[in-house]
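You will see subunit A twice below: alongside subunit B first, and alongside subunit C after that.
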Partner chain A sequence: MSLQMRSTASADAGARVFDLSAAPVRELNAALHALPPDTNATLWRVINPRGLHAIAAGVDAPVTIEVEGNVGYYCGGMNKQASVIVEGNAGVGVAENMMSGLVHVKGDASQAAGATGCGGLLVIDGNASARCGISMKGIDIVVKGSVGHMSAFMAQAGALVVLGDAGDALGDSLYEAKLFVRGSVASLGADCIEKEMREEHKALLAEKLTAVGILGEVDIGEFRRYGSARTLYHFHVDNVSSY
Partner chain B sequence: MCGIVGLFLKDPKLEPELGGLLSVMLGVMCDRGPDSAGFAVYGEGTPGLVKLTLRGPAGTDFAVLGAKLGHPVVPRDTHAVLAVPAAEEAAVRARLAAIAPEIAVVGAGTRMELYKEVGLPVDVARRFKLETMRGTHAIGHTRMATESAVTTAGAHPFSTGLDQCLVHNGSLSNHAGVRRELEREGLQLKTDNDSEVAAAYLTHRMREGESLGAALDHSLKDLDGFYTFVVGTESGFGVLRDPIACKPAVMAETDRYVAFGSEYRALVDLPGIDAARVWEPEPAKVYFWDRAA
Partner chain C sequence: MNDLTNTPRTLPRVSATFDEYTLSEIRRAAATGIYDIRGAGAKRKVPHFDDLLFLGASISRYPLEGYREKCSTEIVLGTRFAKKPIELKIPITIAGMSFGSLSANAKEALGRGASAMGTSTTTGDGGMTQEERGHSKTLVYQYLPSRYGMNPDDLRKADAIEVVVGQGAKPGGGGMLLGQKITERVARMRTLPAGIDQRSACRHPDWTGPDDLEIKIEELREITDWEKPIYVKVGAARPYYDTALAVKSGADVVVVDGMQGGTAATQEVFIENVGIPTLAAVRQAVKALQDLGMHRKVQLIVSGGIRNGADVAKALALGADAVAIGTAALVALGDNDPHWQGEYEKLGTTAGAYDDWHEGRDPAGITTQDPALMARLDPVAAGRRLANYLAVLTLETQTIARACGKSHVHNLEPEDLVALTIEAAAMANVPLAGTDWIPGRNGNF
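So, the complex of A and B:
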């Protein structure tokens, strides 16, 4: 086990430091998976992540895990309860299938960020590339930059908030997820339409911005709301020739 | 799944380290493509000479072959580099085919040398002593075969023109049709591999007078399928991802180099990587660097 106590730097006071250049990810994750619900080891600091995959995946404990650098695929995947803070960029599928808790990427995220997430909050300070929030099922995703093409594809529930722009085919084949975009949208996907921003939607957006701590910094009036036209929900006889 | 690495140096002080840096990058990408590996290195050139990279069966005595051909040869494992006057290239190729039909010419260039073999990428790099090679830019590939067999000929890079090479992660769906058109235009393809079709397509466009950047732009219209390409020319280095961006790509740039990796993991040992600008190349956007520019 490569754990050491580090108490010299005030930011790291009491943190369990795990050095991924000295021990494999499997060992880190095994230690995190073994944490009991009432653990006192509530702050972990992971150093030398070197773009490795599956860092802090499958954690189910109320702890904070800070990762000092760029991570590879599926960081924070299947997360429950934990707060995973990535001080860098994240590779494909960050917070994939998250159930609860927080994943915060301070840099950019690659494709399929928050894919199939069922709950919790994913915050990306930079940009997210293609298919952000694909098939999201209840997770909330706040991207402070822009998102790539096919974001929120077949998204079922939860909210995707984008402070920048969205790429092509936003919300293609969307179900009931709520999409808020402050900038431009390159194009909307099949069955995704712009919808009226009523008071309840402003309140919902305010709640998400509050969760990220930027409510006062962003003008809610600048956002537009997109959702499902619900025309793909049921078979329509006019489409019979397509089958 | 395959792995791609590429390194284009801006700082000449790094040139002696090119092979060493690339071999580390290639080694990290072993688990994306354990079948076979290859790399092209743009090193020293001599005005008026063309370097032919030859590949022969294990045990080939390249010194004897070079003596027969009357040109200097530098062997490296199953490959060797034969330096011939540019004016004699066609004659040497014809004589080689006549006296040693088992020898393949895998690449030709004023500066490019190209090596590829079946096997674990770290072993392939070690066999060819990649870590000792110097140069201005280099491209490497680790292969997990999908569209054609695991053979040395099917390994990447593919070179279909002087100093040109291409590596590919993905698979093309219209390569048979494009191949027929290229063959009608007189290009000769050596394998059934879809990636060789992409290489030949770019060679054809550049022969028609296009820059590498323009040829890559054109391929967005004519090549169907999924792909991340990294290509090299005598002075240039280009990257293109298909519009859907199925295949991963990460780039890093500092004032000393531009680097490409299928994953960020491949870049972590580059000098100054912590301060590099790291980004994901956008879909359907041509990225192109040229030393002459």
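So, the complex of A and C:
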């Protein structure tokens, strides 16, 4: 076990520092999974992540895990309760299937960010690649940059907020997830339409922006809302070209 | 002028190409404009285990005493990486069938029957129910493209995890559950509006290809602290390569499901025309394991049209470690039972042919979410029937194994088999009966 006590610039003196160049991800995750609900070890600093996969996957404790650098696939996968802060870029499927808590990527995120997430908040300060929020099931995702093609594909629930632009086929085969985009949308996917931004939607968007702490910084009036036209909810011969 | 009355007439001739079923399908298509959807597996005749025979004992091989000498059936799955491999008393497991496609009572009955016989059940597209976990001593949790209901708590409650890449009935196809079966409870478990026609994804959302799959499996192992065996299930399409890639990706167990394998609801054209027969898939999967030096280290489960102990024994002899059953288990519970003939007729079908499982009107209370129909299935009695059936499959498998002189069903081997047809000989890679000819022996597949 390569746990050492070390104080760092950003972390308080009690932070546990885990060096991934000295011990494998398995040891880090085993230590995080073993934390009792009332643990005192609430602040973790992971150094030398070097793009390794599954960092802080499956954590279920109210702790903060700061990762100093870039992470590989599935960082914070299936997270419950924890706050995972990535001070770098994230690989495929960051925060996939998150249940609750926070995953905050300070750089860019690769494909399928927040895929199938059921709850919690995923914040990406940079851009997210293709399929951001694919099959999302209740997670909220706020991307301060732009998202790639097929984002929110088959998205079922939750909100995707994009401050930049969205790529092709946004919201293809969408169910009930709510999409807010401030910039341009290259094209909408099957059954995804622009919808009126009513007061309730503005309030919802404000709530998401508040959660990220940027409510005052962006103008809600600049966002457009997209959602499901619900025409594919029932098999119909007239829709075959969409199937 | 011809005298029509005295001219001999030919009999009305029905086309072999445009047979009655085909004509009815053309009329149905013309009337509705949408493809036919149904449950169950391929119904056309394809080369199958029926086309193989066991040789039994002779002067050079001696048998074991039928009722006295031990012929073991227990198996261990997940010995490669999992800290907690699964131990089963019989080499016959219950395949993944979703809550949603099946009623809660049917799922409970599967759990009861399987647990009584010391074997496992499997969840399906739609998540894990409490009833199912409660009634299944050993439960395999499916990790599907849709990820409906997926969560780390259920993942940890499971005894094994099955990453579903595909199904034999529809390799390359996603799931379908039509509105009639999306009740409030089913909808809640899937985070979907009630009553809509639902199509589950056919591709996993966050990985593509074997390199990603390897990382995905690593993540699942990390989340569950390397305890659970991880299976990879593929529909029989390219079983040699899919098995090899599953092994490369880190699977503990590979599940290969042939084209006869059942489904809850898929397009008829898909069921009947995509994928290869179970018989053709087994040897290719086994060969991949052997070529990698992983046979018996990564276990192989074969499914698709397993009906009796002979099928089980043949799959094992060809090199599988276990089989899985879906359709046969449902029939044991009471699916398509002649007892409900009157009701099947009202639905325009007959007992034995009823396959409109997606409509949710199953008279036997199995492929339905209708509370009144579901109440017809007593989970205790149905579970008992399944346990009986599993006991018979096991006894039959042992009967054949003893006749071949084997003290464990896993000792059955291809050398115990011959084929009745050239097709089966080529597919199963065993000699045509009465010859030493294995078509294609020196060639590639």
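Note that in this section the second predicted complex is superposed on the first by the 233 of 243 C-alpha atoms of A that agree within 3 Å, B and C clash if a C-alpha of one lies under 4 Å from a C-alpha of the other, contacts with A are read in each partner's own complex, and residues count from 1 in each chain.
To be clear about the criterion, a contact is a pair of C-beta atoms (placed from the backbone, for glycine too) under 8 Å apart; a residue touches a chain by one contact, two chains touch by 3 or more.
All figures in this text were calculated on a predicted structure; none of them were measured in a lab.
Visitor: Comparing subunit C with subunit B, which touches more residues belonging to subunit A?
Guide: Answer, by number of touched residues of subunit A: C.
Visitor: With both complexes overlaid on chain A, does A:G51 touch subunit B (first), subunit C (second), both or neither?
Guide: In the superposition, A:G51 touches subunit B alone.
Visitor: Would you sort A:V92 into first (subunit B), second (subunit C), both or neither based on which partner it touches?
Guide: In the superposed model, A:V92 contacts both subunit B and subunit C.
Visitor: Please work out whether A:I141 is in contact with subunit B alone, subunit C alone, both, or neither, and reply first, second, both or neither.
Guide: neither
Visitor: Please work out whether A:A159 is in contact with subunit B alone, subunit C alone, both, or neither, and reply first, second, both or neither.
Guide: neither
Visitor: Check the residue A:D108 against both partner chains and state whether it touches subunit B (first), subunit C (second), both, or neither.
Guide: The answer is first: A:D108 touches subunit B but not subunit C.
Visitor: Applying the touch criterion given at the start, work out whether A:G72 contacts subunit B, subunit C, both or neither, answering first, second, both or neither.
Guide: In the superposed model, A:G72 contacts both subunit B and subunit C.
Visitor: Touch check for A:H149: first (subunit B), second (subunit C), both, or neither?
Guide: A:H149 contacts subunit B only, not subunit C.
Visitor: Which residues of subunit A are in contact with subunit B in one complex and with subunit C in the other?
Guide: The answer is residues 72-73, 92, 111 of subunit A.
Visitor: Under the stated contact criterion, what part of subunit B meets subunit A in this complex?
Guide: 244-245, 248, 250, 263-268, 274, 278-280, 282-283
Visitor: Over in the complex, which subunit A residues touch subunit B? Could you list them?
Guide: Residues 50-52, 69-70, 72-73, 89, 91-92, 108, 110-111, 129-130, 148-149.
Visitor: Which part of subunit C faces subunit A closely enough to touch in the complex?
Guide: 32-34, 146-147, 150-152, 155, 178-179, 190-193, 196-197, 199, 201, 205-207, 212, 215-216, 218-219, 222-226
Visitor: Over in the complex, which subunit A residues touch subunit C? Could you list them?
Guide: For subunit A paired with subunit C, touching residues are 25-26, 29-30, 33, 53-54, 57-58, 60, 72-74, 77-78, 80, 92-93, 96-97, 99, 111-112, 115-116, 118, 131, 134-135, 137-138, 153-154, 156-157, 173, 175-176, 233-235, 237, 240.
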